[in-house]
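When the chains are written out, they are named A, B, C, D and E in that same order, and each has its own residue count from 1.
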Amino acid sequence: MLSLLWLVPTLPFLGFLILLLFGDRMTKTLVGIIGAGSVGLSALLTMVIGYQFLASPPPDHAFTQVLWTWFEVGGFRPEIAFRLDALSLVMASVVTFVGFLIHLYSIGYMHEDSSFSRFFAEMNLFVCMMLVLVLGDNLLLLYVGWEGVGLCSYLLIGFWYQEPANCTAAQKAFIVTRVGDTAMAIGFFLLVTQLGTLQVQDLMHKAGEMWEPGSGMAVAATLLLLGGAVGKSGQLPLQTWLPDAMAGPTPVSALIHAATMVTAGVYLIARTHALFALAPSVQFLVAVIGALTLLLAGFSALVQTDIKRILAYSTISQIGYMFLALGVGAWSAGMFHFMTHAFFKALLFLAAGAVIHALHHEQNIFKMGGLAKQLPVVFWTFLIGAGCLASIPLITSGFYSKDAILWYAFSSEGGSIWLWMAGLAGAFFTSIYTFRMVFIAFLGEPKGHIHHRPGPVMLVPLVVLAFLALFSGFIELPHNFAPVQMFSNLMDTVFHSHGHSHEEHSSAALEGILQLTAGIVSLIGVAAAYFLFLKDPSKVEKISSTPAGSFLQGFLLRGWDFDRLYDTLFVNPLMALARINKGDIVDSLYNGLASLTQMGHYRLKWIQNGAVRWYAAGLALGAVILLGVFIFT
Amino acid sequence: MNTAFYIASAVAVFATAKVVTHTNPVHALLYFIVSLLAVALIFFCLGAQLAALFEVIIYAGAIMVLFVFMIMMLNLGTDTALREAQLFSPGIWIGPSVLSGLLLFELAVLFIQGEPQSASNAAMVSPKDVALSLFNTYFLGVELASMLLLAALVGGFHLGKRDQAEELPGEVK
Amino acid sequence: MNSADIIALLPLILLTLATIAVMLAISFKRSHGLAAGLTALGFTATFLLLPAISRVAPHPVTPIYLVDTFGLFFSGLLLAASLVVTLLAYGYYETRSGFREEFYLLLLMSAMGGLVLVGSTHLVSLFIGLELLSVPLYTMVGFSRTARRSLEAALKYLVLAGVSSAFLLFGMALLFAATGSMDFSRILEMGRSGDASSTPLMAGLALIGVAVGFKLAIVPFHLWTPDVYEGAPAPTTSFVATVSKGAMTAVLLRLYLLAGGVIPDSTVTIFSILAILSMFTGNLLALMQNNVKRVLAYSSISHLGYLLVAFLAGGEYAVEAVTFYLTAYMVTSLGTFGIIALLSDREGEPELLQDYSGLFWRNPVAAGLFSLFLLSLAGIPMTAGFIGKFYLFAAGVDHSAWLLIGSLVINSAIGLFLLPPDCRFHVCRSRRKSHTNPSAGKRSGKPARADARFCGYFLVWGLPRVPDSSDPQRDNRLNSAYHSF
Amino acid sequence: MASIPLEVSLFLSGLLFSLGLLGVLVRRNILFILMSLEIMMNAAGLAFVAASSHWGVADGQVMFIFIVTVAAAEVSVGLALVLQLYRRIHTLDSDAVSVMRG
Amino acid sequence: MSLVWLILIPMVGGLVAGLVARKNESLCRWISLSALILDSGIAINLFAHHWLGLDLPTSTRWLVEFQVEWIPRLGAGIHLAVDGLSLLMVLLTLFLGIIGVGASWTEIKTQVGFFHFNFLWILSGVIGVFLALDLLLFFFFWEVMLVPMYFLIGIWGHENRQYAAVKFFIFTQASGLVMLLSILVLVFTHAAGGELTFDYMKLLGTPMDGTFGLLVMLGFFLAFTVKLPAFPFHPWLPDAHTEAPTAGSIILAGILLKTGAYGLLRFVVPLFPAACQVFTPYALFLGVVGVLYGAMQAFAQSDLKRLVAYTSVSHMGFVLLGVFAWNDYALYGVVMQMICHGFSSGAQFMLVGALYERVHTREMGRMGGLWTTAPRLGAASMFFAMASLGLPGMGNFIAEFLVLAGLFKVSVTATSFASLGLIAATIYSLWLMRGTFFGPNDKQWKIADLNARELSLVAALVAGLVFLGFYPQPVLKAVHPALEALQQSTAQAPVPVAMNRR
């Protein structure tokens, strides 16, 4: 069955082709069936392959299927090959399963839209590209997937292209990610020229041999790869595009900007973990970037009014957690948080989508209210999602994955107390803004009226995701609870060389205390949100009315003003320079040359004035010159 | 003989200068004839009788007479002298005189530098020798000169002709 | 006057006979066709006799005139050009009334002057040849005496040619005074050996240089060219542009060969400066010109500048480069002016560029040929002009005369500015009628078209094999010319 | 026949030559230009005759004869031209004869 | 002998098409199309013959060779030969020629005969350039290419076509003359040593070092970078493209620019290895500036064709970088770039031409939101815009990846700056799409979508690019022996491996 691995990405691609060529001639239901069906089949196939992989693991826990040699240039021989190991299995299964649910959901959500088939074509292409990224054996094939998803996110953010704002958002997303991708490309050039290959396994093997830890080459390579990861996952320097990416339809935000694409950076770092292990300084940088981003995003999320932007900022901060985990060397914890986050963040987005759909595209939470009673199912699923996000202790999967990250941030030798403190503060802010959103949007007196309730095709995915969000946490319990660590055992088959190094640090008791503090902090956050936003919102208005308060609110609302910074630093000067030089100075250089010759013409024309005596004078002058030269030399 | 040479050359130079500067065409013409006669005398001093003879007969006689006819035909009397005068602004003298002065200076330098040849064995070249060399070494030259004159004849005839048919005053094409 | 002399002098004799025949024809019955026919017959007969004469070459006829293969080759060139001019003249004057037959008389005599010049090795024959070439030209330039502009051109040409021949005479006098003899080779020997006082000799050469410069229209002496080319009727202009310049180049080439290809440094520098100036002046002035004949006048000035490059570069390629470039230049000028003559009619000649707009659609053959000649002038491949320029490059590079080659490249580039507007005008314009002479381009004399096409074919077909020269007879004469020195 | 140094006569002819050149450049009346042209021709003739008398050969005088013929030919064509021009523009000012320029 | 046929068939075809057009215009189009197809038949047969392993013993460098005397006096012969590199270029020429004829099926209505005559003569000139191994013959074909192109732009162009045609003509002709000068100096220095010949193989070894060699090399370099076009000599390209008819733009961008690149590969570096090594830093600088300047100009333009033209300047900057990096990665990258850029820019111009036929304007300001009325045209433009920004999965990505990887070995700073070009490429491609297909359709355009003919041409180009993107092996295998030989010819001069960190 493993040999059918190549079919997993090709199924959505076939879906894409069919919809692209015959989409506009098919009925909506048929389009829906093909769109969702192709991803569903791929999910089913992944499950089967996954089962067989887990049941009888192939030799050294990895199965590589080579399709054909891409090209061969002087010793560098990249191949089109797919590789299945624990890491890519988890990624593929999450992508296909969550993808299928979102496709199902969007049949309902996008039903009235005119270019229905184009939407599903682009979504299918996205899933295919994501799978190529995840399953790609060498970095070049990964890069194909990487850019492919970038293109699909551009197309899908700008899906409603009549609206100019959407187009600029899409353009911004593509260009900012492209900046990161270029850094990554330069990293590839370095790897190709130094190591002669981009095949991930022997790349790491050769790097291990040729570069000793901390060497310049390793640092440069990992730094450049980090650039790419930061661009795609919307981390600190290049995170400005993610909040604007909410311009796309909500299923797009759910699939691309929550569950799958934005975690590509995490996957890249996880995949090339041996390289990062070779450069501890860069690994620590990853952790620092993660910490800073989660704080920054957390603060911004506090003041957002648009429900999707709150979720966007929360995604940035949760990925910050994953970067923190990878930075401190807790590879499996990072991936575990990726999985749980994919479930509950997709759930939150879809629920938000249902709310927006019901309130006829109203996204401002202050214009919603009292939806709990009108949309009970949506409310309860949204509450479960919010719970996981805020990592309510013991019952939600978010608690187990985030707690593991906090524990490793503290305990592993790469981590430090400061990173743990940052993580804890982040958790506190997360629970505040999450329940702020819940209380304002769902409780309180109803403001707008419901147009039409979401149909079953939208509710089923919500319920399934809610179930997954709740119970996915139990496959990886912390050590002091129970010896159930199925997920990390699976992950060890990939990161075997770098096992957890927390044992020698301290005893299980300390771990217990930390878990306790994390749980209490999140509960306090919930209470604070209750008091501030449900009991008497007046106190919040009072603070935000003061000049300092309103400035702070505006500053945070615009995402710490990174946009203005980048505009003044890069965008505006470049555009101004381009506009000035529209006429191409070099061109005027040549026109100058031409006018010079013409000026020569008019100057000489003056000599030709037609008078006989003037011509005779010319003759005489010539004679005098010639005579002078011949006599005196 | 030398003194005659020097007197004749002085006369020639003076006459030519007058020709160039004189406004009235007829007077200028007469001065020119005087200058030609002076040159003829110089030829005689140099022992070239035949050349002197030709100078007088052809140059002074034929060509100058042609000029006189032309002046009479175009009746360039006194009024042209006046018109000619105002054409003479001192300004236009500077340029040309500088040029011809330079030319003269270069020629002068040339001749002063040139080391004096052996004393000129001024053997008198008799017309017989001239005729002899004319008709054997330069026989071809004479024939071609005749063709030259024929060409001038045809040219003069064609250009001089008055076309009644096309007598369009001031027709410019 | 033994038989060899007679045979050697046959070309001159034949032309004289032709002249007399034409005069008698005119006196009996003024028929334009007859006069033109006789002239053409005269030229072709002489041209065909040249190979026969070449057997007796080299044979000095009287010390002042030498008939050798070199001379015969250039005589052949001049005669061919004159024949083409006769055809053009016939086509041109066919539609005009008035006294037309005299033109052929003058043409015959002027061609004879050219032949004398080409064969001259003596100052007297140089002078007589030059004057015999020029005097008929004065009248030919001013031939349509009703047109004020041609009279003005004739006057200018007369006065300036007069002054230049005065300078020539004075130069010769100085040479004669310095060396006592009038024979080229003797003078050059005396000059090289330096026993005669060298300064008067150099001065004499300088003044002769003035006359040469005037005839070849090198920069300081070029001022007359545009006015005369514009004023004179088209056949005369083609004659001036080709035969008179060709003859003078032949004399220059003979002097160059006599001096054994060695030119003193001072002369090389001054003439390089003049050559570069001619190139730049010619090209720059032709740039924005609107009158076609003035454009061709200026470009002929620049072409002579290019020709001088070959002379000054020297080396074994020089003579071959000069000969070939001259031939290519003559053919191109005959072609271009032929087209102008061909397109002109009773009202006048198509002078302005606008007159040629849309010509391609009205008379494709003429327009095609005209573009071809312009391409050759600019030296675009596929044309003989290119091979000419290529030879110049080769000569220049072979002798690494970098300054000259550099200016040659720059000027060819400027020359390109000149080409497209002309091509563009008569090819790219729409089918609009030109206002000045609507009938232009329609009517074309049979012979005029024939000769234009001849030039065209030579140009294109000339390309591949010219160096080993299509006309075997001309080639061996060329080689033999070298051996004779 | 006392010896007259060649340089003197050559200088004399140079002087006449420059005067002729001056005449051509200065005078605006075309007749005068032609006349100055004749002066220059005559000066050259003088130089030739002087040189031939100095070298004692006849070539110079033969050359002089040719010069005279050429001068005659030029004058005849020139004057015919001037006549025709006068009939056209009724003036002899050479600056009027400069329609073609540029 | 087949090589001579390769050149003659388009010439003859052009003549026949020209003559037939008077009577029946559509027949003329079919004739020119069939001439091209016949010609490409020969080329494909040659390619198959070579690629299927039936190739000649690897000792001979050329697959097919044809030599005959031309001007014995100067030692110039008609020496045509083809190896992997030139065969690919000939195939590209013929393919784009067919696309060009197809694209101008309806666009050219006036003087169709003369148009096809010029069009086919340009193609035969270009094929001649790719096959000629005798420098004089090369220069001859180099000029033959020029005159018909001048007429093509001058007669069938758009508004101020005269200016553009003249500008194009003077730029290329003047630089051609400088090249002629260099050829002659090379030939004569060689003649001083050995016999006088213009043959490339014999001239290969002439010792050309010091500043003298550099100057001669610069003569060649100038002619080819004007044609490339590289940075300082590029202003003719945008004008020529904006004014040329669609078919003219396609072959101008698709093929004529490649003659410059081919010249650099075949003549400049092998003939002057030492001079090139000294000149490499400056050439790299020019290349990088070309990439960035071209890109910056591209997204400043409001005229669609000017934008695409400047993108060609930027892409050709990569070629210059690759040639002067002169190692195996870079050279393969250059060949791939030449072919893929031919495809993508040819396609972009065809689509822009199609758009012009429908919207009659090239100003992006007056378009916008065309996706709604012409989705297929939009999808095709999107595909080729992505190709031009180097999206992986298309040939351009592999080309740029290989060029930059090869360049990385030589100079890191140059590579990093050139990589900025990738970002700039994204900006101008999205700017193009934003200006035409996305955004509100406020001008209410109602335009017809791509018809069957145009779709088939687009499909051919899409297939080509994707095939090159995912399986470029046949191309790389075909060009392998040629590049090997080129590198050998400069082997004795130490190749600048990681020469300096400039």
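The working rule: a residue touches a chain if its C-beta (ideal position, glycine included) is under 8 Å from a C-beta of that chain, and two chains touch if they have at least 3 such contacts.
Predicted, not measured: the structure shown is a model, and the values here were computed from it.
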{"item": "Touching subunit A and also subunit B, the following chains", "value": "C, D"}
{"item": "Most distant chain from subunit A by Cα centroid", "value": "B"}
{"item": "Chain pair, most C-beta pairs within the contact cut-off", "value": "B-D"}
{"item": "Label of the chain whose CA centroid is most distant from the centroid of subunit E", "value": "B"}
{"item": "Central chain (distance from its CA mean to the mean of all protein CA atoms)", "value": "E"}
{"item": "Separation of subunit A from subunit D, taking each centre as the mean of its C-alpha atoms, in whole Å", "value": "98"}
{"item": "Euclidean distance of C-alpha centroids - subunit B vs subunit D, Å", "value": "5"}
{"item": "Length of the line joining the C-alpha centres of subunit A and subunit E, rounded to whole Å", "value": "38"}
{"item": "Rounded Å distance between subunit B and subunit C, as computed from the means of their C-alpha atoms", "value": "31"}
{"item": "Multi-partner residues of subunit A (each touching 2 or more other chains)", "value": "605, 608, 610, 612-613, 616-617, 620-621, 623, 627, 631"}
{"item": "Overlap residues in subunit E, where contacts from two or more other chains coincide", "value": "none"}
{"item": "Shared interface positions of subunit B, touching two or more other chains", "value": "95-96, 99-100, 103, 106-107, 110-111, 114, 137-138, 141, 145, 148, 151-152, 155, 157-159, 170, 172"}
{"item": "Contacting chain pairs - touch in the sense defined above", "value": "A-B, A-C, A-D, A-E, B-C, B-D, C-D, C-E"}
{"item": "Residues of subunit E that touch subunit C when the two form their complex", "value": "70-74, 139-140, 143-144, 146-147, 150-151, 154-155, 162, 165-166, 169-170, 173-174, 177-178, 180-181, 184-185, 188"}
{"item": "Residues of subunit C that touch subunit D when the two form their complex", "value": "123-124, 127-128, 131, 135, 138-139, 142, 145, 148-149, 151-156, 158-159, 162-163, 165-166, 169-170, 172-174, 176-177, 180-182, 226-227, 230-231"}
{"item": "Subunit B - residues contacting subunit A, complex", "value": "95-96, 99-100, 102-103, 106, 109-110"}
{"item": "Residue numbers on subunit A that touch subunit D, as the complex places them", "value": "605, 608-613, 616-617, 620"}
{"item": "Complex contacts: residues of subunit D adjacent to subunit B", "value": "1-12, 14-23, 25-29, 31-32, 34-36, 38-39, 42, 45-46, 49-50, 52-54, 56-62, 64-66, 68-77, 79-84, 86-89, 92-93, 99"}
